[in-house]
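Given below, in the form of structure tokens, are the structures.
Look at the two complexes coming up: chain A is in both, with chain B in one and chain C in the other.
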Partner chain A sequence: MAKLTIDGKEIEVPDGTRLFDACREARGGRDLPHFCYHPDLSIAGVCRLCQVEIEGMPKLTIACNTIVRDGMVVHTTSKRVNQAVTQVLEMHLINHPVDCPICDQAGECGLQDQYMDYGLYESEVEKTDKVLKKKAKVIGPHVILDQERCVLCARCTRFCEEVTGTGELGIYNRGDRAEIDVAPGVELDNNYSLNTVDICPVGALTSRDFRFQKRVWLLKSTSSVCNGCATGCNVRVDHEGGRIYRLKPRRNDEVNGPWMCDKGRMTYKDVHREDRLDRVLVRREGELQPISWAEGRQELLGAVKPGGVGYVLADPGRSLEELVLIQRLATELVGEEPMAGGVSDDGHDEGDDLLLSADRRPNRKALAWLDFAEKPAEALAGELSGASGVLLVFGGDPLAHQALADAASRMRVVYLGTHRTATAEAADVVVPLSMWAEKDALWVNKQGRIQRGQRAVLPPGDAREDWRVLVDLLQSIGHDPEVAGLPALRRLVAARLELEDENLLNRLPEGGYAPPRLADAPTGGR
Partner chain B sequence: MSYKGLPDVVTTRRRNLLESAYFTEIARGLAVTGRHLIRNLFNTDKMPTVQYPDQKRDYGPRFRGRHRLTQREDGSPRCVACMMCSTVCPADCIEIIAGEHPDPTIEKYSKEFNIDLLRCVYCGLCEEACPCDAIRMDTGIYEIAAETREAFVVNKDFLLNNDKDGTL
Partner chain C sequence: MSREECKILSARFGRPDGHRLKVYEAEGGYQALRQVLGERQPDEVIEAVKESGLRGRGGAGFPTGVKWGFVPKDADQVYFFVNADESEPGTFKDRYLMDYDPHQMIEGTIISSYAVRANLAFIYIRGEFGWLIDRVQKAVDEAYAAGYLGKDILGRGYDLDMIVHKGAGAYICGEETGLINSVTGTKGQPSIKPPFPAVSGFLGKPTIVNNVETVAAVPWIMIHGAEAYRAHGTEKSAGTKLWSVSGPVKNQGVFEVPLGIPFADFYRDHLGGMRDGEEFKACIVGGSSVPVLTADEMMGCNLDYESLQEAGTMLGSGGMIMIPKSADMVELIKVLMHFYWDESCGQCTPCREGTGWLHRLIGKLLKGEGVPDDLDLLDKVCEGMGGLTICPLADAAVMPMQSFLQRFRAEFEARIHETATPGSPSRWARGE
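Let's look at the complex of A and B:
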């Protein structure tokens, strides 16, 4: 441990701590001004903003590249320091275009914030004297570059070298002509490119998808979990007026660190896709026709009766709470050995060794925990051909498999899902469900970590909280699970998983919880 | 709770007989009205009444009338869709949809720009917030009439050519 004094406050930090982090602790969580320091990247020490005064040293020192020493006396707010920071900022702004009105970063810009804290000087540079560089240069499928706004902190280049190892970005030229760019013929085209947009402290790298869609200060943020794959990156859903505008990673060092993948970021688009189901549909005269919720509920309750249901299929895209309820329902409907499970062939694609999993379902682990038998489409088709009555499908798109569609053609298909899939087209009753961002739900990632996603927006039309639909179904067949709200539901889930504390899922820690007992349960599927 | 220096209970004076007799007070009131009537009849030029709509009152140059969108020298709209006005607007009546401008030196522009004149409180914060001097309320127009609520939502084209009279 090293004992040091920062701004008159004595603190003790472990040996080897960076002075930058020690200062944050001493300053009550307030960072030193900085552009280039990033806890997950190597030290560059190029922006010179984090300068502090250390007693006994003749010159100011950058805190990000200094390791604490026992007995250090550090000043972070002295006149000398403030003056230095202001001058460095002024230097960063010499050629800066200051086009905040059309800059997507405005509102979350390091330059704006630090100018308000340390700048506030009158600029002595005429607009006409500024060095002009390339603006609005598309450098990849997701990212657009404005070289004039760049402060050359080298975070983006370090990210591409150290995290993805792809090295697309580089700093070209010298002096005030130095600029970030991709080499001719190269594109910033890796599955993590949008992280450069997150870490770019200014508006030099911005997202093409989010470009000009919304000013950031109008957005509200909700914590959630990405549903793009089994990794379950922690995300922040930025939304306004019932519309999601972007996903940003939320730090969870046990899961995704500060990053997330581009594929995951684009999953919000599925929530607002044209083919979302928003009404109950029933087949009348061969056509699927929308009906009111009250009527639709009667149709659903009428179709789902013990003895009448031949098979239940559940997709690992449904939440943990839903799967627990679905399993209860299936046991009541089709007997002791529930003939239920998902299609194990679905939801697999290529993964990578950073975050993206080959398993593209957010909750397959939960399916395994609940002993739902997932089977390949062929095997399921065989079982289905022996079944009769109603085929009850929760989410996914099992009937996209021709074999399953053929096997199910003799059955009455009741589909509860989110999009107008092939299964919806083949169904006789279609009930709209909510998607991940539209409900408060638990997800089990591939590590066996239970994580909570909160509701960001409301589901479209007649779609409602999925677990209520399931409870309604259970009540109608005379097996009331007696859950009136989410806390009771989570106690039910905890009991099903035999967790030691029945309220554990109601008090889930920020980073989620991985029950040790269930850690080694195998994941189904391939 | 009682405030310092203020009585807890407010008592009112009882009216005397003359005051509670209806006619004396009516006569006093009529006398005031009559005095003004006669004074105005003999000094018509000092009368505050304006013969609207034949006559209109002059307002100062800072009067905030209906908004307009200004143009650059080449005639293109100055608005860059920065949303400062719609953010600051206390009535939340400005709706802007931004788009990518074909000219890369301009980059961002407003594809749509709608103001709901019924919700606007004519506070003038929008023109103060605008960093590009793109929205102004200097048309002097305050007569705004229409037959439907929808007609009060004026669009970008309208605001760019906002020298018409009050009819929407």
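Let's look at the complex of A and C:
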């Protein structure tokens, strides 16, 4: 441990701590001004803003490249430091276009924030004296570059070197002609390109998807978990007026660090897709017709009866709570065998060695924990051709497999889902469900970590909290699970998973929880 | 002191075929290497160099032996770099050393590499020195052929390979970490320190970078001893120094004199005074990156590290730019500010933006658009640059700028037109 004094406050930090981090601690969580420092990237030391005064050293020192020493006496707000920071900040601003009114970064911009702390002066530079560079240059499928706004902190170039190892971005030219760019013929098209937008402290790199969509100060943020694959990156859902505008990664060092992939970021678009189901549909005269919720509920309850249901099919895209309830319902309806946790052929694609998992379902691990087996489409088709009555499908799109569609053609298909899939088109009753961002739900990622996503927006139309629909169904067949609300539901789930504490899932830590008891459970459905 | 005395580095300057191995050998060349490899341990060489008081001649003046001593003793691989990227404006001594006597530098490099236990040495020559690169390469080839380089040098069990590397034309690659990065193949720009190259440099291994003039002095020190070297110069500034003198003096060129001689003597005896019709006004004594002194100040000081520092400037690279009365200081500083603006690598914000700002402000003065506040602004921009960056390039721009303003303010004021449209009152001028 090293003891040091920062701004008159004595603190003790582990040896090897960066002075930058020690200063944050001593300053009650307030960072030193900075652009280039990023805890997950190498030290660049180029923005020159985190200057501090260390007693006994003649010159000011940048805190990001200094390791604490026992007995250090450091000043972060002395007159000398403040003057240097003010001057360096002015250097950052002299060639900046100050086009905040049309800049997406406005409101979450490092330059703006630091100007409020250290600037608040008139410019010494005539607008006509500024160095002009390229604006609004498309450099990849997701990212657009404005070189004039860039402060050349080199975070994006370091990200592409050190995190993705793809090296698309470089700093070209030198002096005040230096600029971030891609080489001719190269695109910033790796699957993590939007992280460069996150770490860009100014509006130099902006998201083509989010550009000009919404002023950031109007957005509300909700913590959730990405449903794009089995990794379960922690995300922040930024939304306003019931509409999601973007997903941003939320740091979880056990899962995704500070990053997430571009594919995951775009999954919010599925929430607002045109083909979302928002009404109950029933097949009348060969066509699916929308009906009221009250009428639809009667249809659903009427179809889901013991003896009437021939097969129950779930999907690892459903939440942990839902899977527990679906499994219980299936057991009551059909007994042990004629059920499956999902179609094991579905939800696989190419993954990478960073975050994107080849398993594109957010909850396959939960199926494994519940011993709720997935089955291959071919095997399922065989089982279905021997079944009769109602085929009850929760999510996914099993009937996209022709063999399954054929096998199910003799059955009455009741589909509870989110989109107008092939299965919905083939169904006789269709009930709208909520998507991940529309509910408070638990997800088990591939590591076996239970993570909670919160409700950011309301589901469309008649869609409602999915677990209530399931409880309604259980009650109607005389097996009331007696859960009045989410806390009780999560106690039920905890009991099902035999967790040591029945309220554990009601008190999940921010970063989620991986139950040691289930650590050795198999990775996927059987 | 006569002009012929004390030729440690420049003995073979101007000698016909002085760059050839046989001429160098005939004059005792490579004897120092034979002696060192036969008789001395690497640490003894380091001690001898420490003892000699030799200081880095590239500009910083850091004691050479001390720098060598920073290499960790347990390093498995050490690299040695000769900095021949001579690009400090006003400096052309290394060019003479390589042109007239490349073997002296090569022998010095081999001994220096041996001292720090390096088995690979680079000579990094600025790309603009096209013919010199060929000349040095040929000398290296001769040294290989003669068994002074390669495996088991002179049968003494020491291996050293030497690569002549051509720079691509950037001032900043003369900064040692920029130089190392340039050889590595990454952008030629300085690295953040710590770590220092002596601990982690080329490919992450301990690396020593020394100027041409520094290593060129090593063979002489080995033959004649540290004591003999210290006999020249002053207590803290030992030995001799090459001065590259430009400007309208009677004798321009490279002069070797002991450190510590009075500038007035050097001016009289070696430079022969200014050309007829010119009057001595000022001097940038150590390459363009040091503060300018007035003629009066120069006439009062001695040419060594300490005296020049006391006088408010630095010995630097010894690139002595003599400025006559007829020169316009604003025009001159514009040339320098253009240089630093052009050469800033652009990494650190104060340097990247500050050099451009200074350049634009001087341009404004020269166009007759300057306002009185601009002079204070120049000063304040300098304050926002100095000492705040990774490498000294920002300081290198600030030192001439501030000293020009301080010592020749009247010439700047004369550039400010009374008719110029005043801008808004400056924040700096308001004292905020």
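One rule holds for everything that comes next: the second predicted complex is superposed on the first by the 521 of 526 C-alpha atoms of A that agree within 3 Å, B and C clash if a C-alpha of one lies under 4 Å from a C-alpha of the other, contacts with A are read in each partner's own complex, and residues count from 1 in each chain.
What we mean here is this: contacts are C-beta pairs under 8 Å (C-beta built on N, C-alpha and C of every residue); 3 or more make two chains touch, one makes a residue touch a chain.
Only a predicted model underlies this, so the values are computations on that prediction, with no experimental measurement involved.
Asker: Looking at the overlay on chain A, is there a clash between chain B and chain C, or do the two fit?
Answerer: Aligned through their shared chain, the two binders fit side by side on chain A.
Asker: Please indicate which partner A:135 is in contact with in the superposed arrangement: first for chain B, second for chain C, both, or neither.
Answerer: In the superposed model, A:135 contacts chain B only, not chain C.
Asker: Report for A:60: first if it touches chain B alone, second if chain C alone, otherwise both or neither.
Answerer: The second partner, chain C, only.
Asker: Is A:456 in contact with chain B, with chain C, with both, or with neither (first, second, both, neither)?
Answerer: neither
Asker: With both complexes superposed on chain A, which partner does A:176 reach: first (chain B), second (chain C), both or neither?
Answerer: second
Asker: With both structures superposed, pick whichever of chain B and chain C touches the larger number of chain A residues.
Answerer: C
Asker: If we overlay the two complexes on their shared chain A, which of chain B and chain C does A:45 touch? Say first, second, both or neither.
Answerer: After superposing on A, A:45 lies in contact with chain C but is clear of chain B.
Asker: If we overlay the two complexes on their shared chain A, which of chain B and chain C does A:414 touch? Say first, second, both or neither.
Answerer: A:414 contacts neither chain B nor chain C.
Asker: Considering only the touch criterion stated at the top, classify A:313 as touching first (chain B), second (chain C), both, or neither.
Answerer: Neither: A:313 stays clear of chain B and chain C.
Asker: Quick one: smallest Cα-Cα gap between chain B and chain C in the superposed arrangement, Å?
Answerer: The answer is 21 Å, the least C-alpha separation in the overlay.
Asker: Residue numbers of chain A touching chain C in their complex, please.
Answerer: So the residues of chain A in touch with chain C come to 43-49, 51, 59-60, 65, 84, 87-88, 90-92, 94-95, 121-122, 124-126, 129, 131, 151-152, 154, 170-171, 173-178.
Asker: In their shared complex, at which residues does chain A touch chain B?
Answerer: By the definition above, chain A touches chain B via 99-102, 106, 135-136, 211-213, 215, 217-218.
Asker: Taking the touch rule as given, give the residues of chain B at its contact with chain A in the complex, in rising order.
Answerer: 80-84, 87, 98-100, 104-105, 107-108, 131-132
Asker: Would you tell me which residues of chain C are touching chain A in their complex?
Answerer: 170, 172, 187, 189, 192, 194, 341-350, 352-357, 360, 377, 380, 383-385, 387-390, 423-424, 426-428, 432
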